[in-house]
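Note that the chains are named A, B and C in the order they appear, and that numbering of residues resets to 1 at the start of each chain.
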Amino acid sequence: MVTKSQQIIEFRNVSFKFKDHVILDNISTTINAGKVTTLIGRNGAGKTTFLRLSSGLLKPSNGDVFLNARSLSDMSSKERALKIGVVQQLPFAPDEMKVKDLVMLGRYPHLGIFAQESKKDILAVEEALKKVECLPLAMRTIGSLSGGEKRKIFIARALAQGADIFLMDEPTANLDLDAQLNIFALLRKLASEGATILVVLHDVNQASIYCDKVILLHECSILAEGTPDQVLTEKHLSDVYNVKTSIFPADEKFPRLVVPVVSN
Amino acid sequence: MLRFKTVFLTILFSLFVISGCSNSDSVPTPAAATATPAAATATPAAATATPAAATATPAAATANSNLSDRNDSFPKTITDLTGDSFVLDGIPKNVVSISPAATEILFAIGAGDSVIAVDSFSNFPVETESLPKLGFQDANTEVIVSYGADLVITTGGHEELTQQLKTLGITTVLLDGAVSIDGIYLHISLLGEIMGLENNAEVIITNMRKQIGAIERKLEDVENGPSVFYELDPGLWSVSSDSFVGELLNILKLRNIAADSASSYPQMNLESIIAENPDVILLADFQYGENSESVKARPGWEVISAVQNNQILEIRDADVVSRPGPRVGNGLELIGKLIYPDIFD
Amino acid sequence: MRYLFNNFIGSAYIKIFVALLILITISIFSLSQGYADIHFSTMVKILWEMINSNDHSQISESSKLIITEIRLPRLIASIIVGGALAYSGATYQGIFRNPLADPFLLGIASGASFGIALLVISPWEQNLYIGILTPFVAFVSSGITIVVVLLLARKAGKFDNYSIILAGVALSAIFSAFTSFILLTGGENARPIFGFLFGGFNTITWLKVFLCTPYVLLGGTVIFLLGHRLNILQLDDDQAQNLGLDVEKTRIILLAAASLIAAAAVSMAGIIGFVGLIVPHMIRLIVGSDYRLLLPLAAIFGATFVVLTDIIARTIIEPQEIPVGIVTAMVGGPFFIWLLSSQKRISM
């Protein structure tokens, strides 16, 4: 999965309204290839909507979302599926479904009219499972997997799609520590290979440590965007979360750390 | 959803076919109309004397018997056909009939004046036209009560309604659909007893016996009547000998190909109809557009001898044939004329 | 490493072939069963002559007629109706992700019954046996019902499962109520409605078969081409959309096709329940939930099921006939109970 071209998602003056409620207001930003970009903000700030606009699931009320200068709404579902892989927070899959079959569903945009899998598709699924280090799980059922394993399988499916863009909604929620580290290691690896990655995170420290770019959403618009150092400042965090924080800058031993100050 | 309805409908259907036969919607023919006025205008004193033929024109007779004479026998205890007894203090004056057969009987024995309301299928005699119609399966207890009924006659399928009315203290008699002619005689006697018109009832019964006796005599020389398929419905439903119509077919010495079926109103398998090769097809479903031509056009039916010999006979007055009432003799004659045109005129 | 995947193509074709073989065997058996005593070899000769347009005078006209004008159209109708109902049922279960869905979920049965009820009590001569009015009315009533259901769902805002099912249940209830009312007050006049409600092949003719089959073929082809999408629809709508499926369009097209073939089946033989509900489950227990295999196998087994139940319906209490809808219910009920007690849990 080596990207030949850089896949860039660009929001140009995007607004989104839902029944007279403004969720996003005049957003313009870029999500670049080869980087892990994160979306941070309060609950209800519009992060999930942003993600759904990025995948083309939703259409903006105003403005447009572009994929390499091509509007997402001009693309068919299949075209988008060939490029964008979405990993939801709690995706449904039948418990009895086998892992290999779930990942194979990712090949749908590649299959012909009768959806017959070819050797190429089977190879793609194997490769995807290998990449997330889950090949031994191939014949297991979804119901028998742990949380972390499930997450990785859904990422494998996105890989099997042949996507170069990965949109993930809280990929480490409810995971054990080791599983969390596993996921981030995978994301960093994918980014280093040229993938375009956008994750929604809640944990500002995870954002600090693992992400190259942070987009801070607050009250329907982007409060700040840039590197974690630039965005996750005491002032911004106080504006958004009403919390005093102490920031410990990175040094040789430790990464940058944001610690909320608890007042008695 | 609908699958539970299937079970429910099976039950409803069974109830319907039990009670269904007495509720046809059709126009009475002139032949049927002549017989009954003779019976209805009989005097109580006439008894068994009159040797009138079955199709006698209306004999000169007084209308109803003396009310005072009738009242002499009250109060009396009546035992109905199920063995239950009840006490009647006086002649019922406000009779509601939810049974087309009972309606006919009531008018035939001279109790027509006391009938204040009937069911929606009571269409004979002509006096019923002006009477309020109270539905049939959907007849409502409250409505009946609001009419101030002091006697209600019900029929098969009305078991619950009957119970409700009895609980409310209204004298209710359930006349279960008679399956034999003798059953009809019992009904007539019972209603005669209830209305204080025993003598009239006897006359009716006697006349009916004569009429039917005459029919049976005409058929004495018939060894084996033709085999017949009696079609109730275009889905090929028929009647077995366990049904009222089946009994009539028996009397007419017809060999009903569905006679021994498990249910009273069986659906006949098409192949078996063709294999049995009936000599005659009796159509009781002409109101759905089935007639001689349409039957001939049915694929596969051309090998049946009834079709080849043009013996597809329509029953135009289904009421008379399927209602266990005083006109049953007319029903027999109707079918008899269709099948044995030489014998019956 | 190819060990992971059995080649879909290989084993699927074998299973389908075996299923077809069973269907053909039972079909031939069906032709030999019936009230009239027709020897097996005679039956084969008659079929042979029919195919070759010969005419041996040795075989009786009545035997020939029974095979070619009664048993054969009956068999073909059973196959088409059984296949259509099971195909439709499996599709409905896939679209709605609900194991209790069946082709009559959205009111096709109630709508058709109501249309037929109106026809039967109407003063026009209906020629219910040979006429084409019955299939026509049933078909049109079913069609109208589905269209109204979809319009109601659209009015509610979205074509999601919830709105569609709600609209279907509502319409179903309304039409059922009206039909019951007609039955209640129609008396003797309403009798033929029961024949339709219980379903049956007793008065099937080649004409009815030819009238209704094109619709089954049309809808069936659509499902054949698009049915594999149901695999993806088993996930939630968002996932399916993100994987490249146009969820709303797929749902509507498959729904329309499944409803079309169910309406055609109902217009041919009345309401035959349980087939659309149970046969897909039976297949699922054997081969799992891959719709690429489930759909064709469901169709073939549905056909086999109805051919079998029709044999029972017309021979078990000869010369009397039990409406097929009752037989499928009698077979289906115990199966449901068994399903309840079996260890395997049905998943979609």
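Please note the rule applied: a residue touches a chain if its C-beta (ideal position, glycine included) is under 8 Å from a C-beta of that chain, and two chains touch if they have at least 3 such contacts.
Note that this is a predicted model, so its numbers are computed, not measured.
The chains in contact with chain A and with chain C alike: there are none. Across the assembly, the mean Cα position most removed from that of chain A is the one of B. Chain A and chain C have Cα centroids separated by 45 Å. Centre-to-centre separation of chain B and chain C, using mean CA positions: 41 Å. Centre-to-centre, using mean CA coordinates, chain A is 81 Å away from chain B. Residue numbers of chain C whose C-beta contacts span two or more other chains: none are found. Listing the residues of chain B that touch chain C in their complex gives 1-3, 5-7, 9-10, 12-13, 16-17, 20-21, 23-25, 120-121, 135-138, 232-237, 257-258, 261-263, 266-277, 285, 287-290, 294-295, 297-300, 302-303, 318. Residues of chain A that touch chain C in their complex: 52, 55, 57, 76-78, 80-82, 84-86, 88, 91-97, 100-101, 105-106, 108-109, 113-117, 122, 125-126, 135, 138-139, 161.
Interface residues of chain C facing chain B in the complex, by the touch rule stated above, are 34-36, 61-62, 65-66, 69-71, 73, 104-105, 109-110, 120, 124-131, 169, 172, 176, 183-185, 187-189, 191-192, 194-195, 197-198, 200, 202-203, 205-207, 271, 273-274, 277, 314, 317-323, 325-326, 329, 332.
Those residues of chain C whose C-beta lies close enough to touch chain A in the complex are 1-2, 4-5, 8-9, 225, 228-229, 231-232, 234-236, 238-239, 241-246, 288-290, 292, 347-348.
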